[in-house]
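So, here come the structures, one by one.
Paired with chain B in one complex and with chain C in the other, chain A is shared by the two complexes that follow.
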Partner chain A sequence: MKILVCIKQVPDMESKFKIDAGGTWYEKTDLAWRMNEYDEYAVEQAVQLKEQVKDADLTVLCIGGDQVKETIKKALAMGCDRGAHIADDDSSSKEPFEKAGIIAEYAKDKGFDLIFTGMQSQDKGSAQVGILAAEILGMMSVSTIVDFSYSDGVASLKRELEGGVKACVTASTPLVVTCQLGLNTPRYPTLPNIMKAKRKELLSLPVADLLKVDSRQETAKIYFPEKKGGGLVLEGEVAELADKLVKILKEKTGVLA
Partner chain B sequence: MKILLVAEYRDKKLLGSCNELIAFSDQMDCESVMCLVGSESDLPRFNGTLYLADVENYGEYNPDAHKQFVLDVVEKEQADMVVFSHSSYGWDLAPRVAFAMKAAQVSEVVEVVDGIPVVPVCNAKLRRDVHVKTEQSVVTIQAGAFGLSEDPTGTPTVEKIAGDTAGRVDFIGYEQAESGGVDLGKAQIIVSAGRGIGKPENVGMIANLAKVLGGEYGASRPVVDSEWVEHNRQVGTTGQTVTPKLYVACGISGAIQHLAGMKKSEFIVAVNTDKDAPIGEVADVLIVADLKQFIPALTEKIQSL
Partner chain C sequence: MEFTRDIYWNVGHGAWTLIPMYLLAAGAFYVLVKAFVKRVAVYRLGLPLERTDQPGVRLRRMFARMLSQKKVIRVQWPGLLHGLFFWGFGLLFIGTVLIVIQADFTDLFFGVKFLKGSFYKIFSIVLDLAGFVCIVMLGGLLVRRYFFPPEGLETKKDDAIMHAILLVILVTGFVIEGARMAVTELGTPLAAWSPVGLVIANGMSGIGEQSLLGLHKGTWWLHLFLVMGFFVLIPFTKFRHILTTSANYFFEDLGPRGKLVNIDLEDEDAETFGAAVLKEMTWKDIFDADACTLCKRCQDRCPAYNTGKPLSPMKLVNQIGEAAFTSPDANLIELIGKDVLWSCTTCRACEEICPASIEHVSKIVELRRSMVLMEGDFPGEEVMSAMEAAEVNGNPLGIGYAERGEWAEKLGIKSLAEDSEVDALYFVGCYGSFDRRNIAVAESFVKLCQTAGVKLGILGKEEKCCGEPMRKMGNEYLYQSLAVENIERINSYGVKKIVTTCPHCYNTLAKDYRDLDLDVEVITYTVFLENLIKSGELKINAEDISCTYHDSCYLGRYNDIYDAPRSLIAAAGGTLVEMGKNREESFCCSAGGGRIMAEEKIGERINIERVKMAVETGADVLLSNCPFCLTMFEDGVKGAEVEEQLRPRDIAELLVDRIEYTNPGKREKK
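Take a look at the complex of A and B:
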């Protein structure tokens, strides 16, 4: 069985963001980078599937500059067999259809039975790339899964809907699935596995070889949302803050009456 | 310009999000038509043409069949823009439709300014204006971003469509959320824990404050995913929508999905170390402090009243 998992490197969302010089993306310096949270679940599920079917080859793909190799190495340490680094210093300006096109161009002719990815990225959050890649490849896709099992070429999945409801569906491979938070418990790479990962194949391919589709949209401008204000911001010493809040709650709400 | 609104019907019910689609099209101020895989027994209040595919034939959501149905209506109406809710339905269906139309899809639109769609970036810390290069476009709109001041009125002119209902995904059934002993929907006071509580041991101080206030405790998604708090206490789009008299958000940064579940609370207090956290946008009071020190201090203060 051949499995592909597509991941993205994103900044820690708690970071203080700044706007870059072009005004179309955030400034990439001085940020802590990590694997997109949704993709961690995708990697874990792909590794679990590989462990289940035994005879499987699992590739992890990531688009970006040299720095994304760190994130690929984490996926290798979690259990992926080989890494495909699509070298692109300008990946943040690529729109979802271009990203999907790159992935599809890489994946075509390789005969992947299953492709896993996160349902969206934490920074751009389009929730399109996995499904678009499937459409380009002519594969079926199932999105937002919170439960996955596989047997004899058929995946049984639960899609997360709103209000705690899940839709149970089945679909045959070849298949693309996009993973929602809470799908599984992503493992922490162990030290021996981190060491082992250093010896695994990690090939870099120039993005120009794989980008065959045209961009359909672009970012005109990025900016901080206007503060609607309204709310009162209180800072200071903890005991004093507690006093102030109790006073406010007494005045503005009936809850301490 | 002509807009096609794609309404959603699930498990024998029309979903209320179709009113947000109508609000969006009202704001765009152009001709709109609607389509729905649903039933004549539960129609949207909409003045205009509604293309209806019978759910009896189509069954519950089937990506291939729904895609073809929407594309048939796009073709028939020569729609310039197709609009979905940014929900599990829109996430799944919109990219399929956009791909077939060779159109750009703009996801999670929060507003449209001078024809330019605006979307959030990095958990709503930033926003971006999107320039669409294709003639036709597909958009998904953020839940709660477009609202009507009153419920829409009107009766649609129904035009029935029957198409190919074959698909590659088989629907087995729905699994409802397990309902525990807590009904946050009825709680007057809710104290919620977010990722900022740091470790599961700190759920206790949140529960304790809730108890002292005579309310219930809740949690945001990451806390539930980490299994620190059970799912029936989750507040947000995928959990419960709550409207208590007082909502205290502790260590919750304010992801859109969480805000959608609690922003209609009467009074909102947020406790966060980051004073730029998006939760500040909806909070009446933002306490900038370490919750591990502040919550016990507040609890003690209230107990002593």
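Take a look at the complex of A and C:
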């Protein structure tokens, strides 16, 4: 069985962000980098599948500059067999369709039975790359999975819907799935695995070789949300206040469905 | 009359006495040695560990500890009973040796007798009293164990045999003496030099001489058999501690206290890390169980055990020894239990008090290393997250690393990257850098230094967690990654002196970092400030405040720093009311051993217990010297609902309120 997991290196969300000089993305200095959280679930599930099937080869792919190799190594330490680094110093200016194109170009001749990706990235959050890659490859895709099991070429999945409802889906391989929070608890790499990871294959491929599609969208500008209006002070008896508050939460926010 | 006695009187000094006697002794000795040789083979199941270097130092230590019984009598009840028993028995042993030397060598071959005259008088009375003291002490210990046993004391068949045989040996000793004196010494001035024997002899005066001779001879042989029996029992019972505990004094760790063994992570051949089975522990870990006499002093002081956690340091140590002798392939982690192993706060109360110099903490960390490094196992998901946060941002709180030095900007403290000409590097630590409550302490320390004219620099965003909580949790890999980065930065700036406000950072930089090539002087802020006050560079106004003081584990037991903080409190004018559990007996706040990262889910909250102890002193303020303690006490005060009664503060905060400025108008009252 051949499995692919696609990951992205993103800044840690606790970092303080600044807009870059071009005004179209964030400034890259003084940031701590890590694997995209949703991709961690993807890697964990891919490794669990490999452990179940036993006769499986698991490749981890990541697009970005040299610094993303650290993140690829973490995936290798979690249990992937080999790494594919798509070397691209300018990956943050590429849009989801380009990224999907690169992945599809890489995967098209390799016969992957399953491709795992995160549901979305923590920085861009477009939630498109996995699904677009599947479409380009002509593969079935199931997004936002919170449960995964596999047997004899058929995957049984649960997708997360609004209001805590889950949809049960079965799909045959070849298949692309995008992973959501709640799917699993990513393992902490053990030291022997961290050491083995240093010796696993990690090939760097120039992005120019794999970028065969044109971009279809462009980021015009990013900015911090403007600070709007003040607060609202509610007055009255406690029971009255509670009613007013619930009304506001229902109508003005998405807190109460 | 001559002040002496006929050794072997009535028993006979001929071959019929000597040959069986020496044969029995040889036989007993043979059994003893053979049994120990077998035990040594079991110790050797463990990995090698160098504990025979500096033999002169080790031997001196061993004899000093053995003869003074200092560690034993430290806990006076029942320690003093054992101490007196030991000295009494020691004297009896010396006495017997002197008799053997005279009777079987100097007198036999050279006709030389020294047990006579004044020497004999002293010999006689000392041994008489020693024997009596032994019986009284042994009696006391027996009564305690069987009639008033303290909670948690385990009594086994082993104990009954030991009490019985020693008691009978001692009593038969006096029966022999009494019978002899009844025949040969009653009515002579010599009798007064054996006062206890005299009482017994008087009690026997009604018995006829022939019966007395028979009683004497029979009891003499019984006494001999029992003593040989005692030697044979040594390896098979708790008696073995006579040899193993003494040896444990020899094998003590001479290195910096509490420094863990560094794992060589460059070793390409290493397949396992930490220990999960016996052959991955060291021989000392197995030997320690043999040195243990189940006195339970460690258990009595363990903060985990005393708040309902399943950890008993005594039980853990003995489980390892038991496994070595009965099931050497057992998985120790499953045998001991994960919750047991995760409960430890590495406070060292166990090791501090152990009269047998057993090393409890390193065993626990070694087993934790296996859980973390080989299985990726942690006490909870929150700990895994904290570890990952430390990997990504260099602190377990998960706050962006770039902000680490921001707290210091408004005080005018620069990072070494901006200005490396400083008097000392202030290694702030994670809590001092990111936690609001502890930033106040860091600010206080900086203000005190600035007032004294000391120029400090910080590493700022180049500083990473010292790695100590990770190391104590078992994550040696993450600890070394963090440490190596810190050391590289420190060395690149040519730092000559480092000062810390966190005892965990202090202990780690001063000891553990030496294995990773940090040679810089490291000093804790309490000693640093004490020096500044002594030299007059920092002037503090004494202003009364009722307070109590908590000795942190890592400044206290790990480094014996008990006086410097107290002198600071005195300089500040504090009226210090000590808690009962203070200094070496201080009760851990619960955040050590990496547990600052973990949630406390089992039993009662340790920090609340400690806060209650502070409240009992009636003081207004609970002073501490550690960011972990301060954090735990702020939480504990809320948990115990005593926010109005007790205010947790750091010593630095107390001092900064009392700085004597040359311009009095500048002073702020808090």
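The rule we apply is simple: the second predicted complex is superposed on the first by the 229 of 257 C-alpha atoms of A that agree within 3 Å, B and C clash if a C-alpha of one lies under 4 Å from a C-alpha of the other, contacts with A are read in each partner's own complex, and residues count from 1 in each chain.
Methods note: a residue touches a chain if its C-beta (ideal position, glycine included) is under 8 Å from a C-beta of that chain, and two chains touch if they have at least 3 such contacts.
No experiment lies behind these values; they were computed from the predicted model shown.
Once the two complexes are overlaid on the shared chain, A:14 sits against chain B and chain C alike. Of the two partner chains placed by superposition, only chain C is touched by A:189; chain B is not. In the superposed pair of complexes, A:254 makes contact with chain B only, with no contact to chain C.
Taking chain A as the reference chain, the count of touched residues is higher for B when chain B and chain C are set side by side. When the two structures are aligned on the shared chain, A:32 is found in touch with chain C, with no touch to chain B. Contact with neither chain B nor chain C is seen for A:203 once the two complexes are overlaid on the shared chain. Applying the stated contact rule after C-alpha superposition, one finds that A:122 touches chain B and leaves chain C untouched.
Legend: residue contacts after superposition of the two complexes on their common chain; A:232 is shown touching chain B, with no touch to chain C.
The intersection of chain A residues touching chain B with those touching chain C, taken from the two complexes, comprises 14, 16. For chain B in complex with chain A, the touching residues are 10-11, 60-61, 63-64, 86-89, 91-92, 94-96, 98-100, 102-108, 116, 120-134, 168-177, 188-189, 213-215, 221-222, 224-225, 231, 234, 237-241, 245-246, 253, 266-267, 269-270, 274-276, 280-290, 293-294, 297-298, 300-302, 305. On the side of chain C, the complex with chain A involves touching residues 265, 268, 271-273, 372-376, 378, 381, 384, 387-388, 392-394, 398-403, 461, 476-477. Here chain A touches chain B in the complex through residues 11, 13-14, 16-17, 19, 24, 26, 95-97, 119-120, 122-128, 131-132, 135-136, 140-144, 156, 158-172, 181-182, 215-225, 227-228, 230-235, 238-239, 241-243, 245-246, 248-249, 252-256, going by the rule given at the top.
By the touch criterion stated above, chain A contacts chain C in their complex at residues 12, 14-16, 30-34, 185, 187-192, 194-195.
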